[in-house]
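The following blocks contain the structures, represented as structure tokens.
Below are two complexes that have subunit A in common, paired first with subunit B and then with subunit C.
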Partner chain A sequence: MQEFSKKLAVQFKPKYLFAHLVLFGVGLVLLYPLIFMVTVGFFTEEEFMTTVLGLLPFAKQPTWENFLVLFNGSADAAIQQYFLNSTIRTVYATFWALLTALLAGYVFARLKFRGKEVIFLTLLATQMIPATVALIPTYLQFARWPFAGGNNIFTGGTGILDTWWVYLIGGPSINIMGAFLVKQSMEKVPYELDEAAKVDGAGTLRIIFRILLPLQMPIMAFIAITTALATWNDFITPFFYTSSDHLQTLPAAITRLSSAAASPGTVPNWPLIITLSLGTTLPALLLFFFFQKYIVQGLANTGIKG
Partner chain B sequence: MISNEGKAVEPDGGQLAVTGGLRKFPRKSAVKRRDGLIAAIILTPMILWWLVLSGFPTLFGFVLGFFEWIGISDSPKFVWFDNYVRFFRDPLYYQALWRSIWLGGLVTSITLLAGFGASLLMNMPLFGKGIYRSVWYIPAVTSTVATTQIFNILLDTNNGVINNILISMGKPPIVWQYSVFWGVFWIVVYSVWKGVGGAALIWLAGLQSVDTALYEAADIDGAGRFAKLMHVTLPGLKPIATYIVITNLISAIQIYEQVLFMTNGGPYGQTEVLVFRIYRDAFWDFNLGMAGASSLIMAAIVLTATVFYYRWSTVSDRSITTRRSRKIRKGGL
Partner chain C sequence: MKIKKIAALTGTALLAAALSACGGGGAATTENGTGAEKAGGEVSSTPGMTTIKVLNEGAVSIGVGKLDDLFAAKEKEYTDTGVSLDYTPGSPVETFPLQYQKIMSEQLKSKKIEVVTEDWGWGEPLIQKQTAGFLAKNIPDIIVGETQMPGFAQQGLLEPFPDEMADEIRETVSPAAWKPMEVDGKIYGLAAQPGVSNLFWNKKLVEQAGIDPNKTITTWQELRDNVKKVTEAGAGKFYGGGVYAAPNFGGYLRYGALIAINGGSFADDSGQPAFNSPQNAETVALLKDLNAAHPPGLMVNNNEGSYFDAWNKGQIAYLIDGPWRVQESKTAGLDLGMAPIPLSPNGKAANVTIGAAFHSVPKDAKNKEAAFEYIKVMYGEQIQQLVADSNTRSPILKSIGESQKYQDKHPEMYLHYQAMSGDVTGLPTFTKDNSKAWQLWGDAVVKSIMTDGDIQSLLDEAQQRALNVTK
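What follows is the complex of A and B.
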């Protein structure tokens, strides 16, 4: 208790007050666009169009409509569908990212075989190649996917473009960054643990899932949250490889609506864009709040280990 | 360090433990053969699938750089290095590359300096420092598409918040989209807004990994606050500084989403950066050859930066790391 009051007294020293002031003040500025988004979310379309927007506009007749639309759908856009697509995609990608990271991480951390280092370093090196390189080739590949979408072997149809497969197909491929993180984390676990389990008759899968997995939970949580956020926020896959409305995700829907926003003199459908932005941002924030401990920890780890 | 609360962590971050663990592996060849079989069973499907879906398209993208291929329906024509020659002759491309580099440098330096300042403050025993850390990091988890739209509302010409404030102060409103300066300015502001929290967290982890005994020694030697910063903190941060500078630089020269959504390269292509140019070529102009060539050049720059980082970081802590852990460190980007 004494220590607490000592700590409390320290907070009022000028140096500490200054730190609080800066961290709080700048923090508020950093949050401002999001606060603005939420307050604007309470406007009806008519009021938004007629209000002269101030620093923090408050609606005179606040409405929950823009938030409810995320669950009830609207006439303008199949928001529920986008929401559902985003969610399914995210869960699917996260599941595979975790599974492949865990298995590959185990192989690289625990098993001894020829060419291990070469394979691992080659995979890691590819992570530095900008992803844009593969965009067009991936488009062509999807369009020429054998025997799909009316293709007779390579040509004739649209392949898997504009189908759910563009979201699903990448799942089982190896999650390289995740494998790297799991490998690092697993190497800290004493090898004797595996040995003991092996003596007790445990097979490889049992060792991975029963012995090692429980000890990798922090890093698995970090992988899960980063993958989930990246997938949730990704607009490229839906934007470039699909065109049907029922396949869009929330960010892709915003992308489509916003092409007008970057050119002067046009009035985009701001209320709808704001609603979709809310729908994209709020779940990400929720995820962040639930997993923030692991994010901070994971970031620190990746940074330190570089 | 945050992950090992209360424990001082060696700057090596447990790498030595890694190599120590590896040496304990049984070296019998029968075990090795069995390991090899399990590894093959687990890895082969994942890596094959990865080769099909990522490896092959990436290679194909590089190969495209040697072809002239305009429009997907057109048939490609092999033109050797023509696309690369054009890249360095056509201002559209070399200017975009140059813009990527200085914009990336600008964003990186502001982000890292601001993040460093913030981390020094966050490292003090403040009440609610956990909350500060989270709040500062929040922009990083938001979707670029969504938050750039909020910035666009703030910057709207007719009813934008900033223009409304300018008007209420009796100043004329600004059409941000017509000005190169403001275009770049807001792209930088957005990028710093998004990156500063993450930078602060990594700096903070670095600060907390500096050996506290060194500070005590400095105290005994009568060093002031500034002297401690210069002679203990900064040298202790060197490994993490190289990491954070290079990773930030690599991602900052590849910025394009904020350009795409905030200025769309305008006015008159004056804010086009290279990766944005690749996008334009790929999806609007269908100039697949130039897109391939540009992306190979981008990849070469990123890989060069990585190699520099690798050499730099290995020189800086040769004394404490072993060969194997340096190899692991290389992959840490």
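What follows is the complex of A and C.
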């Protein structure tokens, strides 16, 4: 108790107090959009339209309607289906990212073969291509997928566009950045560990999964979190390569609502759009909140500094 | 051994997940009734019917999927919120999108056509997806869009309307619905409920500035004077307003009407930029004056929602916008004045279509004949009577729009109908690098409005730079 009081007294020293006040202020600024989203969620469309919003808008006639739509969906928004799709896609893409990053990282960190550096640099160079540049070529690639979707070899049908294959094949490619991070991290592990395991009779897979993987946990957690966040928030893939409602994810559904709002002549239902955005943001935020320490640990392990 | 088992199990699990997800997704039945969809987004057709895919238009959307499957859920949504489903032609309609789609569905069924809707978004994402769709020859039977559609027509990506249909449209339909989609004497698209801009004012705010709220203003000078007076009376609480002028299509479409009125244009007949004409410079000078009657930065804010939010909340008094403003303002409880856009000293009445969702049949459409039947229903009497009853837009069918009944029942919308029937154009498409050319124009206007730079010099510079990208 005495120690606690001592600590508290230190915290209240002017220099710490000032720092805390600044941090509190910054924290409030960062949290403000979330608070705003929650309070706006209680507005009806009509009240939102006619109210001049203050810094903290409170509805005069609060309604749960927007939150009910967030959880139950509506006639033209099957929210539960979108939520399920987002979850399946995120889990699947994260699993693949981890697997490919680990295996590719091992190959580039541990194996010796001709052209290794060239291949690695080539793979890294692909990361420099902006995603938007690849949109139309990828669309064509999916549309021309051999013998799929009515294609007579390459043409005649729609390929794998507007099917789950878009997410299964197109989404989870080799995670290059993850492979790079694993390679950096693995290179710090003494090679003697591998040799000792080999002497004990371990094969390559056992070395990867039983010896090296446990040592890569922080970086694997980092890759998992960043991939999960990116996939959860990705609206481009579902929006661009699929059209059917049953394939949509939450961000894509929100983009649809927002683009309907941008269409002249339609009254945008901002409280609903903002509430749905909150529904997209929260799971990602919680994931980040609970696992943020791994992000720091993971990056520290690779020797990359911000 | 254990590791091998793990690897084998992982492989099996992955394959199973892939297959089950694929199968499950395809067979998924959603609450909104898209259960008719099969894997690959294909929808099961009713035997003997031609199924056409139609892109959704926000104003009449009731969801995506087979049209007939969407009605029940939408009806339930309306009845749950106490909205009556009753509609008799000639009376007000509360469920416009539902009634619109029901009429479309019934009329097309009699021609053995059924409709499946898809939603490809709006604005830039829609344009990108349509461009990819054209390249991959994977495009619905009817596509919809606004500013990009004349460009698609010029590039030969759209099917011209059959001559007989085009002649009928020219004779019976208001020009605003098809004129912007006319290329080399052929019609390539039609909007069932296009808009043109009018001047609106908030009577309460205008009155507070000592101006007669029932007096219509007719000249640019009056507009300048009035917005100044209102801004002074508002003392920071409300402003004069005028027109949205951000560097995006929302801005170009709205102040494009002022450019047209003053005899200016964005491009010449060959699709080359025509930014620096004296008429354009005069119009930009007006915009600069109007900017002084807005909250700082609002007039050129890229988010058009913020601008119209200010109108709905009674923070700006004057506004140039499309016809939907009438109904939206009523919903927002505003007492509204409406008149044709004021004219410049040497100007004449002219306008630019806005909020026009042009429907076109792509060259690669699989069911062109059925798609043209769809468009015929759009300008048919039943749909057009419904548009008239909605009081949000004007009908395009002359027989309804010019009828005495319509003039008496919807005086404000009749004003809009008259504006639609005058000198109406669409925004032009530049010969090359259209987006870049528009951006150069938009940036020059924003610089002219927000800085002390010489307007003519800024437009000259934009013209030169635009010529470099379009030639």
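Going forward, the second predicted complex is superposed on the first by the 240 of 306 C-alpha atoms of A that agree within 3 Å, B and C clash if a C-alpha of one lies under 4 Å from a C-alpha of the other, contacts with A are read in each partner's own complex, and residues count from 1 in each chain.
We take it that a residue touches a chain if its C-beta (ideal position, glycine included) is under 8 Å from a C-beta of that chain, and two chains touch if they have at least 3 such contacts.
Please read all numbers here as calculations on a predicted model, not as lab measurements.
In the superposition on chain A, A:I88 makes contact with subunit C only, while subunit B stays out of contact range.
Within the superposed three-chain model, A:P130 lies in touch with subunit B and out of touch with subunit C [touch as defined at top].
In the superposed pair of complexes, A:P190 makes contact with subunit B only, with no contact to subunit C. When the shared chain is aligned, subunit B and subunit C each come close enough to touch A:L140.
With both structures placed on the common chain, the touch criterion links A:F240 to subunit B and to subunit C. Contact with neither subunit B nor subunit C is seen for A:K60 once the two complexes are overlaid on the shared chain.
Contacts of A:K13 after superposition on the shared chain: neither subunit B nor subunit C is touched. Counting the residues of subunit A that each partner touches, subunit B and subunit C differ, and the larger count belongs to B. Note: residues 52, 135-136, 140, 240, 255, 261-265, 267, 270 of subunit A belong to the subunit B contact set and to the subunit C contact set alike, using the contact criterion stated above.
If you check the complex, the residues on subunit A that touch subunit C are 46, 49-52, 73-78, 80-81, 85, 88, 92, 95, 99, 135-136, 139-140, 143-144, 149-150, 155, 158-159, 161-165, 167-168, 203, 205-206, 209-210, 239-240, 242-247, 255-256, 259-268, 270. On the side of subunit B, the complex with subunit A involves touching residues 1-3, 9, 13-15, 17-18, 21-22, 24-25, 27, 31-32, 35-36, 38-40, 42-43, 45-47, 49-50, 52-58, 60-62, 64, 72, 118, 121-122, 124-127, 129, 132-139, 141-154, 157-161, 164-165, 175, 177-178, 193, 196-198, 201-202, 204-206, 208-209, 239-240, 242-244, 250, 254, 256, 260-264, 266, 275, 278-279, 282-283, 288, 291-292, 295-296, 298-299, 302-303, 306, 313, 327-333.
Against subunit B, in their complex, subunit A makes its touches with residues 7-8, 10-11, 15-16, 19-20, 22-24, 26-27, 30-31, 33-34, 36-37, 40, 52-55, 57, 100, 103-104, 106-107, 111-114, 116-117, 119-121, 123-130, 132-138, 140-141, 169-170, 172-174, 176, 180, 184, 187-188, 190-191, 204, 218, 229, 232-233, 235, 240, 250-251, 254-255, 258, 261-265, 267, 270, 273-274, 276-278, 280-281, 284-285, 287-289, 292, 295-297, 299-306. Residues of subunit C touching subunit A in their complex: 3-4, 6-7, 10, 14, 17-18, 21-22, 24-26, 28-32, 34, 37, 39-41, 57-59, 61-65, 70, 73-74, 76-77, 118-123, 125-126, 128-129, 131-133, 135-138, 146, 193, 195, 250, 253, 304-305, 309, 312-315, 322-324, 328, 331-333, 354-355, 357, 392-393.
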